[in-house]
Amino acid sequence: MSNEILRLDNLKLHFDIGKNTSVKAVDGVNLTVNECEVMGLVGESGSGKSTIAYTLMGMYQQTGGDIIFDGQALERKKPRSKSFRRDVQIVFQDPGSSLNPHQSVKEILSLPLKVHKIVPKNQIEDKILEILEMVELPPDFMYKSPNSIGGGERQLVSIARALCSNPKFIILDEPTSSLDVSIQAKILNMLMKLQKEKRLTYIFITHDMGVMRNVSTNIAIMYLGKICEIATTRVFYESPLHPYTQMLLSAIPVISEEEEALKSKRIRSEGEIPSSVNVPSGCSFHTRCVFKSDICMKVDPEMKEVGPGHFVRCHMH
Amino acid sequence: MEQQTKAMLSIEDLMIWYKTYRGYAKVVDGISLEVFPGEKVGLVGESGCGKTTTMKAIMQTLPADIIHVPQGEIWFEGQNVLTMTKEQLLKMRRTGVSMISQSPLSALNPVFTVGEQLMDIIKYSGQYSKANKKEMREVALEAISSVMLPDPERIMNSHPHQLSGGMRQRICIAAALVTPKHLLIADEPCSALDVTIQDQIHRMLRVLVEEKQRALVMITHSLGVARELVDRIFIMYGGTIVESCYISDLFSNPSHPYTVGLLECVPRLTGGGLSTGIYGYVPDYINPPKGCRFCPRCSKAMDICREQKPSPVEIAPGHHVACFLYGDRAQEKEAQNKTDYKAHGEGG
Amino acid sequence: MIGVTQEATAIAKKKGWLSPSTKENFRIYKYKFTRNRLSVFGLALVAISLFFAFFALQIVPFPEHIGAFVDHANANNPPSAVHWFGTDNVGRDVFSRVIYCFRGALLMSIVVLAISVPVGTVLGLIAGYNHGRPVDTVIMRITDVFLSIPALILALSIASILTPNMMNSMLAVTIMWWPWYTRLVYTQSSSVAKEYFVRNAELIGASKFHIIIKEILPNCFSPIFTKMALDVGWVLLMGAALSFVGLGEQPPIPAFGQMIADGSRLMPQNWWLTLFPALGIAFMILGFNFLGDGLRDMFDKGGH
């Protein structure tokens, strides 16, 4: 597609943990993200969703495959270029640990401005105020320490920091999972407003399917380092095909009958995600799947396109 | 019959203050609640609303040196917990109430096997003679298989770190249910676990509690979890109970402005966009709002809300709301509201 | 929009906002520190020690007794109204000499820590930030070698190779003291380096210098300060041990260890010669230990 901004091509990341054993944290992921899109990445802990983000940022070196950002393949061995560091930002999950408790908000926000020389030194203070206004924080936050503000406000400061370098692309790694719902709503609204205003592209990582329904345009679901299903959001919730997707949906505690109707009646959550050291043979989900047949235990299914933009990795489809 | 209707746990107008360097933080501000035998009750609120403090007060596990209880009573099975002697308290913890904590990692001691820890709990409950190790072992094995863990023998002999988070929480549940205690307090038992594990554990907890006829107090921040698990719900905000009702009433007729806001904030699977959230933040507990603690964030706040604390009003059988919009003064309020609205309309 | 920003800038640039939060932090620290009465007691002892050290010559009754002075007529007097702590075998006032010892002991602690703390901290920061890389291994193995040699024996051998005097005993203690700080800062900084704000600074592209000095170092201050306060006591104990065997301050200038060593030969008849210098050491060590505990409480994240 013409306006594609990021493509992961058979991305692999294996950690060696001893002789002949490795953790396949990410194992052959193909993913395309278009401009101004919100790509949701869902999965349980240990599914490799955060690892993809960290690999993209250059925190880990991929074992195989390519990352193509803005038409250029990122070099595997070299650190990320300065322009990449400016264009791509990440917001981490834990607002407690992502801001230095010994710095003021002003110091925190001025770092990216200084490093990327966004504005001349004497205008840094004005730029910070402008950014604070963008995330609707009052100007006196400049002199506050992260310890003296609430979790939601801290996350807003993290978002403000990501916005400092005028990025095109932001990775949101569970930005609201440690916040209360009333504050979560506020932060999500802010993120969506910024996305529209600044024409940003997001990768939105979360395990909360309710949040995902309301923020993303496309959803990819991950299980043990592989993507099982990719679809546009509406299709994904209304006609999920992969048994794992259906299991995830059925497990969500919901608050209304209409939502209850979306849940699969046939599937209930069973078992636990296996350790990524001993990935099951064949389809890695077969240990928990109610529809499994002999072929699932032997052959790993291929990704198949079952509808426009709807891909499933399952023998049944 | 008399016994049946008597509450096993009742909290009356309880206040709990914490000492801080700025003065007292009035974290729990006059809450009253009742739990009847065999009932599943949910205590729902956002972080920092005092729900865990309340439950710790029942177990008397709050740090005594920084706690001040200016008023209130906690009655558990006919005894006031706040005036109990050490022996009575120990007896209550051993035989009366059990608790499942939020973090299954720190709830189990890493240096002992799961079996040893379960056996200790069984031993201290005083139900079995100390000599009868074999019988206690049987009970422990049964408890492990009752929480649907495979191969109980192996699990008995494994250390907590050899088990996954979900398995550990299952062990905690087994430990809480192994002795015939009457009340089970679960403090966000699954918030650290994945959603599919969470679902399994909630289903299992529900079945076990019903099977063993325990009363359950479920502390959670998720209305969805409460909907699946409990019969009656208490919504807490800023150290007060703002609404209490049967779970079906909550979703069909949410009444307190906070409850309404909270329900709107939950992102739906059916889509429909995001709500704007509730304006503002949780109150400062050291200098809390003088009247209703929610009023600085409330879109329907009136003059009286800033002056007086609302007391609970029964608006339907078993449905109590602590808000001036309801009860005797409701009509008065409505009139005022209308004028307010008009004024707003003209202004805008 | 611009108007709003300028207005906001004007407001925000008023320094007024800085002070309330600083004041607030100060109040929190004060509350946490004073919650334990012993830390206040420790602070008082430390303040008194400092006072003795600075004004020893002004406050003691017999300043001339500190150096070489002989008065055989008043030799070996037990404690009395004139000589509170008695006199030694050449008639010098023990009280004056003990008070003067505070100066040497404190000077030793300050010099030793002033050198070993920065050295240890810098090495620990470098090793901690480069956790798992060769530079980490090199620094930490050298540290381990120093830590594996018994401290007192190392100091004794260094001091005895060199000429026995105050300077060399300080040098000896310094050489065996820095590895503790490297260890401490290493543990702390390698865990801070895993925090997301450090990762974020790396991802933004900040320099290593910035990351180590601005992001990691401030997060290591509280354990460093706490250990420093506790260490003052240990250093002066070590100094006393060295001077006890004659490797510290040389007579006639008094030092705690030296006075105890001299006095011990006249035990138990002239008990005051040993007891009062020993009490002097205990006074300082207690003070700095209680102060250290107080600092630890103060920097502790939890509590109200």
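The letters A, B and C name the chains in turn, as written, and every chain counts its residues from 1.
To be clear about the criterion, a contact is a pair of C-beta atoms (placed from the backbone, for glycine too) under 8 Å apart; a residue touches a chain by one contact, two chains touch by 3 or more.
Owing to the predicted nature of the structure, the values given are computational and were not obtained by experimental measurement.
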Which pair wins on C-beta contacts, B-C or A-B? A-B
Where the centre means the average of the CA atoms, what chain is farthest from subunit A? C
Whole-Å separation of chain centres (CA-atom averages), subunit B against subunit C: 49
Taking each chain's centre as the mean of its CA atoms, subunit A sits from subunit B at a distance in Å of 32
Provide the residue numbers of subunit A that touch subunit C in the complex, in ascending order. 57-59, 82, 85, 89-90, 92, 94, 97-103, 107-108, 111-112, 115-116, 125-126, 129-130, 133, 139-140, 142-145, 148, 161, 165
In the complex, subunit B touches subunit C at residues 18-22, 25, 66
Tell me, which parts of subunit C touch subunit B in their complex? 27-28, 30-32, 303-304
Can you list the subunit C residues touching subunit A in their complex? 4-6, 8-9, 11-13, 17-18, 21, 24-25, 195-197, 199-206, 210, 214-215, 218-219, 221
Mind listing the subunit B positions that touch subunit A in their complex? 46-47, 164, 166-167, 194-200, 202-203, 221-225, 227-228, 251, 261-278, 281-282
